[in-house]
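Each chain gets a letter, A, B, C and D, in the order it is written, and its residues are counted from 1.
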Amino acid sequence: MADYNAMEMMICSAARELEDGSTVGVGTGAPCAAAMLAQKTGSSNLTIMFEAGGIAPQLPEMPISVGDSRTTWKAVMASGMCEIMETACRGMLDYTFLGGAQIDMYGNLNSTRIGDDHQKPKVRFPGSGGANDFGSFAWRMMVMTPQDAKRFVERVSYITTPGWLEGGDSRAKSGLPLNAGPYKIITNMAVMDFEPESKRMRIISINHGYSEKDVLDNCGFELLKAPRIIETSPPTDEELRILRDEVDPLKLVIGR
Amino acid sequence: MEVLEQGIGKLFTDPDADKAREFFRKKSRRMENKLMTLKDAIAKYVHDGDYLAIGGFGAIRTPIAACHEIVRQRRKKLAFCGHTSTHDFQILAAGKCFDRVDIAYIVGLEARGLSTVARKYMESGEVEVTEWTNYCLSARMKAAAMGVSFVPIRNIMGTDTFKYSGAKKIKCPFTGQYYVLMPALYPDVSVIHVHEADVYGNSRIRGITISDLDLARASKRLIITAERIVSTETFRNEPTYTSIPFYLADAVCEVPFGSYPGNMPYEYFSDEEHFNEWLQTEKDPEAFEQFLEKNIYSCETHFDYIRKNGGIEKMWELRAKELMVDNNAK
Amino acid sequence: MADYNAMEMMICSAARELEDGSTVGVGTGAPCAAAMLAQKTGSSNLTIMFEAGGIAPQLPEMPISVGDSRTTWKAVMASGMCEIMETACRGMLDYTFLGGAQIDMYGNLNSTRIGDDHQKPKVRFPGSGGANDFGSFAWRMMVMTPQDAKRFVERVSYITTPGWLEGGDSRAKSGLPLNAGPYKIITNMAVMDFEPESKRMRIISINHGYSEKDVLDNCGFELLKAPRIIETSPPTDEELRILRDEVDPLKLVIGR
Amino acid sequence: MEVLEQGIGKLFTDPDADKAREFFRKKSRRMENKLMTLKDAIAKYVHDGDYLAIGGFGAIRTPIAACHEIVRQRRKKLAFCGHTSTHDFQILAAGKCFDRVDIAYIVGLEARGLSTVARKYMESGEVEVTEWTNYCLSARMKAAAMGVSFVPIRNIMGTDTFKYSGAKKIKCPFTGQYYVLMPALYPDVSVIHVHEADVYGNSRIRGITISDLDLARASKRLIITAERIVSTETFRNEPTYTSIPFYLADAVCEVPFGSYPGNMPYEYFSDEEHFNEWLQTEKDPEAFEQFLEKNIYSCETHFDYIRKNGGIEKMWELRAKELMVDNNAK
């Protein structure tokens, strides 16, 4: 088996989720690498969109910003924020990748603050940016994140971006677009999805080198388990070659 | 119109469309020469206490020179539109120019990391905040551009982003579905950096427009900074490509490399070394004070700033990087 | 005094209303001719807008349509319907000229139908087009029309475009933008405005060759009279020369 | 959300944003070759009973060839979006293709006069109507393009246009001002004529866009007719100028002179003689039947129609007129 690091594992896992012929809204870093890898490994007809306006670029290298010139390199359109978010709201955006300082059992994300005083927080993070927008509108929201119990918490202290909210049908009742929501959570240890009724996070596959116990120990809430938990397919040599040589030769993402 | 739920965040601007109309009624629609120095434009149109919005995407096609000038002129107590803001926010936070922020994205510089100084300022309790998302603020600008007091959108419901926003939740009378209403955002003043403008304010943007088309229309006063002043015939010969018509603009300033150290699509890429210097220097308050003195307070113009950071050679290097070509310039 | 026809008289009257440095939304025909004449006689800084998207063209000849190529000839911007109407709604459009099959004492206009059965009208007209939009949003709405009692009716049978509605403060109460509304009505016989309190139409000047009786006889409702009614200034030789030689040399409008 | 007043007009489309999302979820986003004949595109995507919208401004950049094809294929019981419609309406009325109309502007051809046939059809009682304005219908398309079920605007209040519309009047919860809500308009199918398209549907429009940018986004199915098919590199080399991205389009048809006898900005001016022939011939039902037989029913393609009305010489004459140059073509 090829030698690879956790970031490479996550990117390869994520890339496989991106169906050919679909659309994905991505940020910088790992999500962008996953989308680029997907395009080069079977999903050549995957359309990448950036919140600032770039549509279907032929990315020559990893962007530094979701609005920098690379995001419109040989793009079919250089548009704007409303074009992208309204395309997503109309139901034309299949996937998005998001992150945050905290994630909870329903896939809710906190990227706003730690501390109870909103006007004087202990730690201030950037806020939603376009995360809540993509997370509200994309049919399937995914997260790629390192797994630890401080990040995977029972309830996030502040819901910046909606997951399944309080689980069950609470998201459907909230007024957010129907049938959209968190789909897969991809960590260095495992891949999780959400149990269809309760909308609670559950393990569906565990990465090579980790045990179920590792996954449970590094999660701050009780993870459900899929009826059958498999081993996550490790990256293939071909995936790794493309990721290292073509997607991220400067190791901006996979070198971390 | 029954409000089912509403955020507790304060509105820092008045969404009233008739009051905005009264303002716009008096705004000049004359096609007249509005060319002036950036210094004069900021002095004339950006006042203490104003609600300020900055165009671009934080460090892309952002009027960085104007942000420096606002700090240099020591504007205070501004309200700021924290929409897609990165380096612009970092600069204005360094000057403590604002004390109220509509937040969508602040204190971060995307993949580059977080600004120590901006973060500290936002954790100090000195700044009043209301929470939104990037699209929420775009939609608020769109409502103002439409000349109405709100538009309905479908995000933030069920989240704390809604709770700390100034939005209201209602039921659509056609479908019975829930919507959140975004109150119109009419900034007192905005600055937008463009590729080309004429002396009247007709402007062209190449590449992504982010939210600047709506922002230009929503703003009560608008300062255009342009890479290049071009003839009016440029616009009249290809009216399809005009992004901003003249009557929206109050001032036009020619500021070559006006987005440096940020990225100007088709012109120059960002100066990542210099961004790194900002982020590193911020960690040492004393060093950062000297850094600001050198790069902002002691500069007369944006050219001074550029000269201190690599000058024209650096600009041509960034140009080559932008275009992904070998650098032929000497 | 120069020899001129009624259409020339109306166009010259209308042109004088268009202040330099203002904006005007116009249709084809006489309104467009008035705006072009104004630009050549003292209001060179008048910005013309067309509902289909043309902004500040240097009109080389009279357009056939408010969307044809002439409406963007050397224009500063070729935009769209929303750009124009929303600019007007924001309060940036000073004047507009409208017309209709009927007009009433409050300046309400009918361009929709005659007959009571809406689904099966006696006579069907085009409808609002952009008239209601411009009439709702522009600060000052004007009408250029031949005057006769069939057209100037007590109450229009259908309000397509709002004038002062039922007079008094009824328009302000309706929800339409405040302080905007009908301003001047320019006919072959006279110029009318609206009495400030009641918002009823009143004569302010009478064209050379017509008497007050002519004006009253050719109106289907009781016209109020301004405290002082003057004679409308007739077209000057210069105005006529420019109108005939430069604005409408093919006599598409003034030849009618 | 309390409705204070509402129009009595029927809605001919469903403004429900979630139902539209379900449709769009299944719509292909593949960048695949969508080139086909206009005949096939109309056969495949325009069905009896559909809600149809036509781009352009009645006789400017309007897909006239597509209107002919719809008549030729004898589509019936369409609902039609009578937004800025002139010659398109006249053609479809001649074929009695629709029996429901959202009316903003119909039966007229602006300065050219009124269509006898279209007017008679609208006075027959056979057509169900709901009343709007041009901007109302633009705003309804904009709501759909935004993926929501309504937007608020400030016109039509107090008028019969409101009374016979399908709008609802409410109070803004931020300001207490009245607004009318425009229900989103998601057409089943639209046809938009553009200057240039690639085989995937990426499209460019020069000159005014009227309401076509929103219409393209609002439409469930979209047929693009283009003056010219160009390479995809044309778009990728200048992504700033793309008007419609590929994933909105279902079919792409190359139809040179596709807007004839209307005006195509930068390409050819309108054929006023031919318009006059339409308007005059309409007055005699028998002559008009022959006219339609000659110009629509017996034509196989738009080229046939053009050949019968002056052919290529006429096209170059109209081109010279459009560009305001002397005609050098032989």
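Here is the rule we use: contacts are C-beta pairs under 8 Å (C-beta built on N, C-alpha and C of every residue); 3 or more make two chains touch, one makes a residue touch a chain.
Owing to the predicted nature of the structure, the values given are computational and were not obtained by experimental measurement.
Colleague: Report which of B-C and C-D is connected by more C-beta pairs in contact.
Modeller: When C-D is set beside B-C, the one with more contacts is C-D.
Colleague: Work out the mean Cα position per chain and let me know which chain is farthest from chain C.
Modeller: A
Colleague: Measure off the straight-line distance from the CA centroid of chain A to the CA centroid of chain D, and report it in whole Å.
Modeller: Whole-Å distance between the two chain centres: 40.
Colleague: Measure off the straight-line distance from the CA centroid of chain A to the CA centroid of chain B, and report it in whole Å.
Modeller: Computed from C-alpha means, the inter-chain centre distance equals 28 Å.
Colleague: Could you tell me which residues belong to chain B and also touch two or more other chains?
Modeller: As it turns out, chain B has residues touching two or more other chains at 17-18, 146-148, 153-154, 177, 179, 206-207, 239-240.
Colleague: Do you know which chain A residues sit against two or more other chains?
Modeller: 72, 78-79, 82, 89, 137, 177
Colleague: Going by the contact rule at the top, pick out the chain B residues touching chain C in the complex.
Modeller: Going through chain B, the ones touching chain C are 17-18, 20-25, 27-32, 144-148, 202, 217, 232, 235-237, 239-240, 242, 245-247.
Colleague: Would you mind writing out the residues of chain B in touch with chain A in their complex?
Modeller: Against chain A, chain B makes touches at 56-60, 82, 84, 86, 103-108, 110-112, 114, 119, 122-125, 127-129, 131-136, 138-139, 142, 153-161, 164, 169, 177-180, 206-214, 263, 265-266, 269-270, 272, 322, 324.
Colleague: Would you tell me which residues of chain B are touching chain D in their complex?
Modeller: It is residues 1-3, 11, 15-18, 146-154, 168, 170-175, 177, 179, 181, 183, 205-207, 239-241 of chain B that touch chain D.
Colleague: For a test of understanding, state which residues of chain C touch chain D in their complex under the given definition.
Modeller: 27-29, 51-54, 60, 63-69, 71-73, 78-82, 85, 89, 108, 112, 117-133, 136-137, 158-162, 165, 170-171, 174-177, 252
Colleague: Which residues of chain A touch chain D in their complex?
Modeller: On the chain A side, the touching residues are 21-23, 45, 47, 55-56, 58, 72, 74-79, 82, 86-92, 94, 137, 139, 177-179.
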